Amino acid sequence: MSSGTTPPAFDPKNMPFRRLGPTGLRVPLFSLGGWLTYGGSISGDPVKEIIKTAFDAGINMFDTAEGYASGKSEIEMGRVVRELGLRRTDLVISTKIYWGPKGGPNGNGLSRKHIIEGTKESLERLGLDYVDVIFAHRPDSTVPMEEIVRAFNFVIEKGWAFYWATSEWSARDIEEAYHVAEKLNLIAPIAEQCQHHMFHRERPEKEYLPLYKKYGLGTTTWSSLAGGLLTGKYNDGIPEGSRFKSTPQFYKDIVEKKPEGLEKIRKVKELTKFAQEELQTTPATLALAWVARQPNTSTVILGATSVEQLKENLKAVELVPKLTDEVLEKIERILDNKPAPIDTYSRLALDPLGRL
Amino acid sequence: MSSGTTPPAFDPKNMPFRRLGPTGLRVPLFSLGGWLTYGGSISGDPVKEIIKTAFDAGINMFDTAEGYASGKSEIEMGRVVRELGLRRTDLVISTKIYWGPKGGPNGNGLSRKHIIEGTKESLERLGLDYVDVIFAHRPDSTVPMEEIVRAFNFVIEKGWAFYWATSEWSARDIEEAYHVAEKLNLIAPIAEQCQHHMFHRERPEKEYLPLYKKYGLGTTTWSSLAGGLLTGKYNDGIPEGSRFKSTPQFYKDIVEKKPEGLEKIRKVKELTKFAQEELQTTPATLALAWVARQPNTSTVILGATSVEQLKENLKAVELVPKLTDEVLEKIERILDNKPAPIDTYSRLALDPLGRL
Amino acid sequence: MSSGTTPPAFDPKNMPFRRLGPTGLRVPLFSLGGWLTYGGSISGDPVKEIIKTAFDAGINMFDTAEGYASGKSEIEMGRVVRELGLRRTDLVISTKIYWGPKGGPNGNGLSRKHIIEGTKESLERLGLDYVDVIFAHRPDSTVPMEEIVRAFNFVIEKGWAFYWATSEWSARDIEEAYHVAEKLNLIAPIAEQCQHHMFHRERPEKEYLPLYKKYGLGTTTWSSLAGGLLTGKYNDGIPEGSRFKSTPQFYKDIVEKKPEGLEKIRKVKELTKFAQEELQTTPATLALAWVARQPNTSTVILGATSVEQLKENLKAVELVPKLTDEVLEKIERILDNKPAPIDTYSRLALDPLGRL
Amino acid sequence: MSSGTTPPAFDPKNMPFRRLGPTGLRVPLFSLGGWLTYGGSISGDPVKEIIKTAFDAGINMFDTAEGYASGKSEIEMGRVVRELGLRRTDLVISTKIYWGPKGGPNGNGLSRKHIIEGTKESLERLGLDYVDVIFAHRPDSTVPMEEIVRAFNFVIEKGWAFYWATSEWSARDIEEAYHVAEKLNLIAPIAEQCQHHMFHRERPEKEYLPLYKKYGLGTTTWSSLAGGLLTGKYNDGIPEGSRFKSTPQFYKDIVEKKPEGLEKIRKVKELTKFAQEELQTTPATLALAWVARQPNTSTVILGATSVEQLKENLKAVELVPKLTDEVLEKIERILDNKPAPIDTYSRLALDPLGRL
């Protein structure tokens, strides 16, 4: 990663930093994800410009996965970081193991074989000796938790990662990982990379609640814009051939104009109005700042396809402190979907005083 | 293992895959063993053709041992896999430690010295950095179980293998390995490579039963054809100089025409008739499919000396789904040797309701 | 570290050696620190002369830190040790991790990321494969103790250090580290690098008392001369622009001629007289020997900016045996600041007989 | 260790092999020590001839120490093994750490620093990647047992040795090592290298008894000939300048013709007569076979200064089976120094039935 010239020192600018869960690792409130940026929708030097812009704006955390664009996301990220001559210690780099780009019966999931082979191949594509955090990109109920925890512990003991974490695991899965780690005296996961946006709140805001309290679990959230829905660009209908339309599960009821779908569009319109009139911003900026403002968010992963889009997203950094309790309350009234308190999970329900 | 051209991607075709015991590792229902194939009975490029044929038929697991043909089996397998340019992650490679090809007072068995020295030399012969599974080829009652488990754990922590397993160990030996692993917080074995065919059923179908239930133990079975007996080729008498005749223990009573031996020949004749008339197949294909169809079989190791023989064996893949419960029942009536339920082993016997 | 000629064998001369806390490591009663010596106040070959003089006088322990002169202290020490051709096994080299020279959100503190990255970069600057002792240069309350202990254990298991220790940690912090290490079966810290001089006694002489008894904690003390105050050079007033004046916290009340400050000056004058008249030495030599004479001091770290100053300091070696109980009692009467016995900490207070 | 030609396969001839304590490692009943052979008393190619002669006679275990001839013993042994082209797996090589050849405050003993630095330098001198067994050459009461056990465990986990053991430790020391290893889940020592001959019996035949029973401790014994006394060569008086005379402690009372000394000479004379008349052998051969015949001896380390002497010693191999219980009983009558049974140590004394 060394170049002939002195590498540019990282300047966090006005970017706030938070500890990633129960660790000493500092992550920027907004980080850059590799899903849209690298290899996937775009290619070539735009990637370099986007990463440079992010770094110059105080973003030093870059997230990717072995499964993004069949490994090309990792290759591109590694290449750019090298070409920009960024110092490794200035960066927080994370990748995720689950969907190996080569496929095959043992090329996916969380077997010891794939966790170790996958990590080695990710590091090769990245051109790095280690990542800071390695995520299990999904749970894998076909593998005993002991095998999973032992394998990630092996990765950490080898020096290939400093921490391991989960992505889209249920609270029960994460809890089991903690128990297994404690029982076997191994290293426990530190964070969850979970979907979190104004229309996806149950898991991060309710299901994980006991984990935040008991273990200090951190979160690295994705999909803040609900696949574009929260930018307001579908307020007047869905254009043919848009990425939005082709994503079936979440938006089916919108495309098919079912009541639940129309209700979401209605709320986005209201949020758009609120953002513009009360906060002089866009609904997209508001949606990003809103996730960042949640009490258990460690970092909000941004997914930008162009420098312009990234710069647009970065406006959220300024908006976060303006989201006062009063403003948040008004947003809740528009959304009207705040998860009810837990009453059946963990020890919370057993304590009439609400203490953990 | 890289070559100038893109390696051929593995295509499992219609091969079923199962988890190997309590792990996330996927193994094909039929795998290829190195006992007959490599170095031993044949040599040169036939090995390459056999492995290529197996790979093209959906077999990605290759088993060998330091003791096969004095290490030549490992050398040949490594050479062929390299020459075929197969991707390491596509393969499940296993070897077995016990009979070191060099011999000597410390060149055999399961001492820490031989497990570590033997594994290093096996990897050298194979030309690999690691195998997927390393087996203890036999139990070694002269070595404390703690030394054995610690040594295999060392091999795994060094990254030389992902899993370790046993071969031809008694249930009591395996149970002790589990207990030692649990007590010392080390990695336990995951599978047993055991002899299993229509005339060798007590151990895999009865003795190991509690281990399947308690630990999810997997099996990689060998000798499905009972050394050729179940092909029916000895139905009309044993030719002079055949391999069969020179194997003393198991077939002694057949060669010597003792009642038990003649009874076996009678059953093979009946099975031959049943296979041909009711299933339009050969007794060999039936014998292979029958082992694969057993509930605790992870993979059936095939031993082929020619491409033709391998292709013949692979017909069993199609036969397995045709072995319905009704068909199995008819076979049991012919064999008349189903092991009686356990009544003295482990906790099974203590629970009148048959629960574990 | 090898050169063409035979390296000079280390000769301890009349330097006493003590075990460093509860370990088998032997350290000289006086060692050389890198704070003033290397890179900081001076540069070039004086460093070499100072280290050579120390080594020839029986000092084989050299202490530095990643934070001293932005890493230059480590670079200089490594260079000189190499150029002098000293044998690695003859030396005890320690460095400290906390203030990484590159800064940044993750370039400081005791996160797993910084402990591991920092140690690797320290070793690179030193040009060594390992140090003997690695210190946590300060406590870091933002990082869970489990993460800190696991990371230092990782450093030791990698072979990058033989022991780890703390610097300026509270007794409670150290106690927690011991408990975590014991709970997780990891390696505990062995020593504290603490400020200890005639006007800074509470922590080393009172707060740590239970740790000396319970864990055999060692100490590597610094600032024996109280930043120059105990040399007596400020007995007649503080010159403009002196380093002393620019250090605000400790000496503020002296510079501002508050009663507490004037009292200190008065005591130094008395000590000067006592040193000269009763011991035929200087107050500086007395101050150094006095710390070395304390019962729980493992090594007193000297900070010399010139060969002359070092030689002056080394006179303390001869003075130590002359500090009899009677002499110490007279000094106590001058200082009049001996910490009172602990009455609230740990089990000491619970035992009316004063046993631990 | 590879040469152009095929290395000579080891042939154990008629040498018996025993397990080394509670391990799977097989050691020859007689092994070769480096104290007299290499570097010390002789030099050059005699070493090669002696090692070759030993290997050809079925001796594949060679013992040395960092402290033998200031490291030259290790250098010579490594050179010869290389030049003879012996296969590493055929050999059992042991060395011992305690008296580092370079000396210095941290160049001796059992600190973590010296165990690790010493082992690395021993392996360098030997030109090997690992030894089979590494011994703590003496106990070190200045180092906590936890540090010692952790350091040897580190050496084993690094792959630098398969087993660790002790030399001249008291039963209490060894027992503590076992307890610490068990408490911390680390690897325990497996054997003791102890002095054992007809006039030194208390420790190996009495003090260690509970350790043989409880832990299966092995022994690698040295000084079978009592420094030459048991060869009978001093039966007629001690020549001036002999090595014997210069060893003060053990033989002082002989040289000074004290009653205890004269009594020993008397017994040697009787043994000489017994050996010649009843066994047609020499007292030296008898003394060697007698130690080998003891129930808890794993291997008797021979120290030969010439091929002739080694060949003479090797006659003991043939004598061992001739030492029937009846013959042993007669020898006991001559020696009249059989240690009394333990009555105060360990649990033995607590069990009136003599069970452990």
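Per-chain numbering from 1; labels A, B, C and D assigned in written order.
Definition applied: contacts are C-beta pairs under 8 Å (C-beta built on N, C-alpha and C of every residue); 3 or more make two chains touch, one makes a residue touch a chain.
Per UniProt, the chains are A, B, C, D = NADP-dependent oxidoreductase domain-containing protein.
Just so it is clear, the structure is predicted and the values come from calculations on it, not from any experiment.
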{"item": "Shared chain contacts [chain C and chain D, defined touch]", "value": "none"}
{"item": "Fraction-based call for chain D against chain B, same above half, different below", "value": "different"}
{"item": "Whole-Å separation of chain centres (CA-atom averages), chain B against chain C", "value": "63"}
{"item": "Cα-centroid distance, chain A relative to chain B, in whole angstrom", "value": "44"}
{"item": "Numbers and ranges of chain D residues touching at least 2 other chains", "value": "157, 185"}
{"item": "Chain contact topology (line, ring, star, complete or other)", "value": "ring"}
{"item": "Set of all touching chain pairs, with the criterion as stated earlier", "value": "A-B, A-C, B-D, C-D"}
{"item": "Parts of chain C lying in touch with chain A, wherever the complex brings them together", "value": "100, 102-107, 109-114, 116-117, 121, 140, 142-144, 147-148, 150, 154, 157-158, 184-185"}
{"item": "Residue numbers on chain A that touch chain C, as the complex places them", "value": "9-10, 12, 17, 19, 22-26, 28, 60, 87-90, 92, 132, 157, 159, 162-163, 185, 187, 216"}
